[in-house]
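Two complexes are shown next, each including subunit A; its partner changes from subunit B in the first to subunit C in the second.
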Partner chain A sequence: MSKKTKKYSIEQKEARWGLLFTIPCVVFFAIFSFYPIINAFITSLTDAKVLSRTREFVGLKNYIYLFTKDNGGFSLANSMRATLTFTIGTFIPMVVISLIIAVLLMQLRKNKYRGFFQIAYYMPAVLSSVVAASIWMILFDPRGLFNQFSNFILLTSGKDYGWLVNSSMLQASTMIVYFWKYIGYFVILFITGLASIPPTIYEAATVDGANRWKTFWRITLPLLKPTVLLVSVMAMLQCLKTFSTQYMFHQGGAARQPIDVITMNIYFTGIRNGRIARASAMSIILFVIMLVLTLLQFKASNSDDVEY
Partner chain B sequence: MKKVLLTVLAILLIAPTFVFAQGEKEDENITIEFWTHEDANRQKLEERYIAEFIETHPNVTVNVTRQSSTKMIELVQTAFAAGQGPTIFNLSINDEYPFMDAGLVAPIDYEAVGYGSKAELVDAYVDGMLDPVTVGSDIYGLPLELTNWSLFINKNVFKDAGLDPETDYPKTWEEMLEVSKKLVLRDGDILTRRGFDFRYPYYLESMVPMVEQLGGALFNEDGTEAIIGEDAWVSWLSYMKNWGPNGENLGSPTYKNARKLFNSNNNDIAMAMTGLYQEARINNDNPDFYNSEEWMVVPFPTFENAVKDVAACYYGHYYMVNSEENEATQKAAWELIGYMLSHGEEYLTNVNIIQPTKALMNSEAYHNMPFSDVFTTDFERGHVVYFGANSTEIQNLLRNAVESVMLQDESPEKAYLNLKASVQELIDEE
Partner chain C sequence: MNKFVGKLTITEAIVWIFLSLVLLFTILPIVFMLVASFMDSKQILAMPFSWIPSKEYFTSSDRTFFTNFIKAILGNNNNAIFFRTLFNSLVVAITVSLTTVFLASLCGYGLAKFKFKGNHFIFMAIMATMMIPFEAIMIPLYMVTSSLNMMNSYRGLIIPFLVSAFGVFQMRQYLLTFPSEFLDASRVDGLGEFNIYARIVLPNCTPVIATLGILSFRNQWDNLLWPLLVSQKETMKTIPLYITKFSEEKQTDEGAMMACALLASIPMFLLFGFLSKYFLGGAAVFESRKG
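For the complex of A and B:
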């Protein structure tokens, strides 16, 4: 019986190569994301402590505890409130304003100006979060720039607006730092999306007599839908995972309760207090929240493929 | 098949040689990971001690990691959690106790640290100093420093405010409030000079004694009930609320640490609560100020209606050794600790830290230290800081209570109830 040589179509061949190229990524994901998730889930079902070398299976006890008790004064409910407040207060303005800035930058005729602003907006993103938070702590100090600016704008003198003291101001402070740090990153993503829209479509619109406002709403925004979805999902997930700004502010003396986002509660519960099983349960809950919100966003966006 | 079998047998024959050779090599070359908190003066000394130790122990390598004391707490915990704890570390006893409780630190090798027996070691130290690190018949740590806090006064700031530091310094917490009101400078609501401010991250050390002065306690005698004495706790929380931005606005945890500002003598802080070690730091940072005699140390204040005279708690930073290291490494680690701690008088004169041996506490060097008598008196008025498996969590909960009244304008009564419920939950869980 002669051996049959299997014939693959070009598409199948491409798919095999594609699979080959994705293997490193899949392996990386499996080791650094999937394994920790599984491990955290298993740990969350035990009574493990950081400094203990033994653990026992306790079922859903940690989850029940988190939803019924206040976790030694730092409840999961308060952390969910802090996380959602931060996420809504940061990611919506970040998506909207980064889109506006990207559109404005695309209007610049000279590439060198556009390049300059892109770099200027992006620069904070490369700065370490810890360094950024430390700089902003100085700016939010009662003698710092923000308080002086507030006094100047509101025509007051020597008033302490309590940027790091008042609960609402403290939450706003963390949002400002995050917004400043990541806006440039999302501007770049939007610019990439905007650049991929063929100029012929705009030319046709201009010929048809559409003004800039109409062009934006009727052409740019609909064709940018996949980018908007990508940016909003990424921004939301990043906001849900926020940690270093809140942590640094708390280390600098700010109260923990108003900014006790889930990740910070995980850190304090797991590392400082050594209750790693309870912290793992919290991280699984955060994972589920992120998953559900992402699915909802995909559903709400009704994102069909955009074709030019 | 034969060939394969022969190869396997040959490997099995040779393998133990490699394994044992590896073991011998490990015995010969020992690496000690030594983690400690930052102190520029101590660093100079320890670098020299380590170099001297390596000269006599050429097979030992010592890798030193220095971080701030607050950062070190997290680093050590995280490292032990990952099974990668340092060979030698030191933290404040209330942060170290959980490691003893979990069996992660090794008992002292008495001979390696330079004592013939346990009895000889115990006899060398002031009574009670090794109690916090004694479990059953074993001792698990040796004190690098025993610290208590008194009140440092900058006389220049007092004079600038028209006060006489020698007579007007605060003896009570009520006077502290009044004197601070006279010392503060403000630009509107914004403090540009503070009279005094607390050591905010260290509530067990400096604030629990204030509650005890008022008749309160952290626990009842048998340790079954937490946060005892509602009136005392509410009074203390009311005092803190009044101190903060929502009260008299005399200070806040969000301002820069008073102890760190004190040395620069920049007319921005008049008083700070700190230990004898601060004297060496002033000398190091600002020798002119140190030599100016424009600073002094006075006792830890009490409340006017105090029912008990209690000064700030003393705490020890104990050197401990990781029990997960092999025996040879543990022995070398204790030898290094013993060698370093055999220079108690040099630690005292150069770094101003006290290793509470009887010899040192009775030495002329200690008695000649400026204001050492104030620290000795406050030491006798105080007691060791609370330490237990949950001490880190309790420290966090005290912090939360203070922050809630000072920064979030919570009522002291509500903050007390929350604190009591949270600490009670912790001890009930045990």
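For the complex of A and C:
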């Protein structure tokens, strides 16, 4: 503490209480966030297994193993592919469609209608992901409703699209579940962003003779750019962590290979097979990917702020 | 935005049709869960599917109105573990939301209203933990939990989630706008610092508290991954684990599975019914994170 605080005891008192209020959380995060990630990194450099108490330092061997070997049929490369396919296949449609829905919702004349739609779209997010997955598992059955619906839309009759069997359909299925569950959530994020654009700007545009289409491309979208960026990165980060749907589908009988996202591989490698060190290496890889994306988000949101 | 009051224009009609289609997409699976929980497998997977459970399924000799629900509750070996898992989930979710609100408001208040050396550093450090996904630290946490003998215990289920960095952030941002004059006035009146927090600050934070409490409750109600690692004993399982296990063993009984899913969703539906404002508010607060 500087000399100044000695002179003014009231400031010293303030500092003491401030620390006192923050210390419990600081201790918690030190033990349950920082320590484990450091621990994961150190473990990833050893040969630790669940059953053996001793561990030896092996350097980057786990990482080399993961990048070159197939990890008993469920390689890191496959997990990266599954995770990236899922992430890209989910977050892009999610952001685009929720933006469209939000813009259309803003066109409604009464707030009452908008509120109704928002709540209805948000309903799936209220259910837990396990419940969501179990509903869709039945819908995706060859005799299930969604398969019937696909037949109806694609003008086929009695065709089995293999939603839970065919490997690319299985991936699509997990994306549909996720999309269904979170679409309402992202609509609300965009509504909040849209509502913060002052109406005077639209009035000015209308006076200048811009139609709705032009208004959207020239005014709404540029002003909404920070929100779009933020929501995209958020959706991406969330998709990278997906676990429940894939796990449920796999437990329900679907093949693991096509939907073996990285979190699922960490779980199976570390917990089911007891390869702690290898799973820790995968955790660190997941952490680095997410760290890079988060830093990109910060950069994007700082450099690109819009003033109304 | 729309200044044309009067007739429904074609654009508006298209907007309504599109929005209604999305509505069907989001709502129908939930309605499906509801009606399917009263049906048997044959009717659930009938082609074409009929949305109204037919009478014969309730009146046939081996089925009553509640057959699926009874199956869902009794489980596969009639040990009726359902209520126990429901109780476990409630204990974990309620405890976590209480501790999150308490610790996050305490820390957020400290960071927002007290000047001290390291304030900014602490805030940045807590924000940095948001970049550490739980999925990346679950293995070390699992090792620690098992070495501390906290497997299959409420402590093991709860302790890693006592407070969230996002909660601290939310509280701090909210309290930054709280007028310091109130606090100073209470200090002049001779109120102690902790009393100021408990009697002045907390009662003025109800919207954030509700949002944060609901968010934490929901996250725990939804949590599958951590209980999957920690709860190996039947009696310590939580609701998501129960549904997972149930769907594995009862693969053929879709009706009971839907009944189980419906029962597990009732607490969330109730919360949403009464407090939907804070659910939607929670999403909106998240958006303001860019500020």
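Operating definition for what follows: the second predicted complex is superposed on the first by the 258 of 308 C-alpha atoms of A that agree within 3 Å, B and C clash if a C-alpha of one lies under 4 Å from a C-alpha of the other, contacts with A are read in each partner's own complex, and residues count from 1 in each chain.
Everything that follows uses one rule, which is that a residue touches a chain if its C-beta (ideal position, glycine included) is under 8 Å from a C-beta of that chain, and two chains touch if they have at least 3 such contacts.
This structure is a prediction, so every number in the text was calculated from the model and none was measured.
In the superposition on chain A, no contact is made by A:91 with either subunit B or subunit C.
By the document's definition of touching, both partners, subunit B and subunit C, reach A:143.
When the two structures are aligned on the shared chain, A:25 is found in touch with subunit C, with no touch to subunit B.
Note on subunit A: of its two partners subunit C and subunit B, the one contacting more of its residues is C. In the superposed model, A:253 lies in contact with both subunit B and subunit C.
Of the two partner chains placed by superposition, only subunit C is touched by A:284; subunit B is not. Of the two partner chains placed by the overlay, only subunit C lies in contact with A:266; subunit B stays clear of it.
By the touch criterion defined above, A:43 lies against subunit C but remains apart from subunit B after alignment on the C-alpha atoms of chain A. Touch criterion met: A:130 reaches subunit C, while subunit B stays clear of it. When the shared chain is aligned, subunit B comes close enough to touch A:52, but subunit C does not.
Once the two complexes are overlaid on chain A, the subunit A residues touched by subunit B in the first and by subunit C in the second are 141, 143, 158, 251-253, 271, 276. Across the interface of their complex, subunit A is touched by residues 1-3, 5, 11-12, 15, 18-19, 22-23, 25-27, 29-30, 32-33, 36, 44-49, 103-104, 106-107, 109-111, 113-119, 122, 125-126, 129-144, 159-160, 162-163, 165, 168, 193, 197, 218, 221-222, 224-225, 228-229, 239-240, 243-244, 247-248, 251, 254, 257-258, 260-261, 264-265, 268-269, 272, 276, 279-280, 283-284, 286-290 of subunit C.
Of all the residues in subunit A, the ones that touch subunit C in their complex are 1, 11, 14-22, 24-26, 28-29, 32-37, 39-40, 43, 101, 104-109, 117-131, 134-139, 141, 143-145, 148, 158, 180, 183-185, 188-189, 192-193, 199, 202, 206, 212, 226-227, 230-231, 234, 237, 240-241, 243-244, 247-248, 251-253, 263, 266-267, 270-271, 276, 279-280, 283-284, 286-287, 290-291, 294, 301, 305.
Subunit A makes touch with subunit B in their complex at residues 49-53, 69-70, 72-74, 141-143, 147, 156-160, 162, 164-167, 251-258, 268, 271-274, 276.
Against subunit A, the residues of subunit B that register as touching in their complex are 70, 73-74, 77-78, 80-81, 98-99, 101-102, 104, 186-192, 200, 245, 252-255, 392-393, 396-397, 399-400, 403-404, 407-408, 418-419, 421-422, 425-426.
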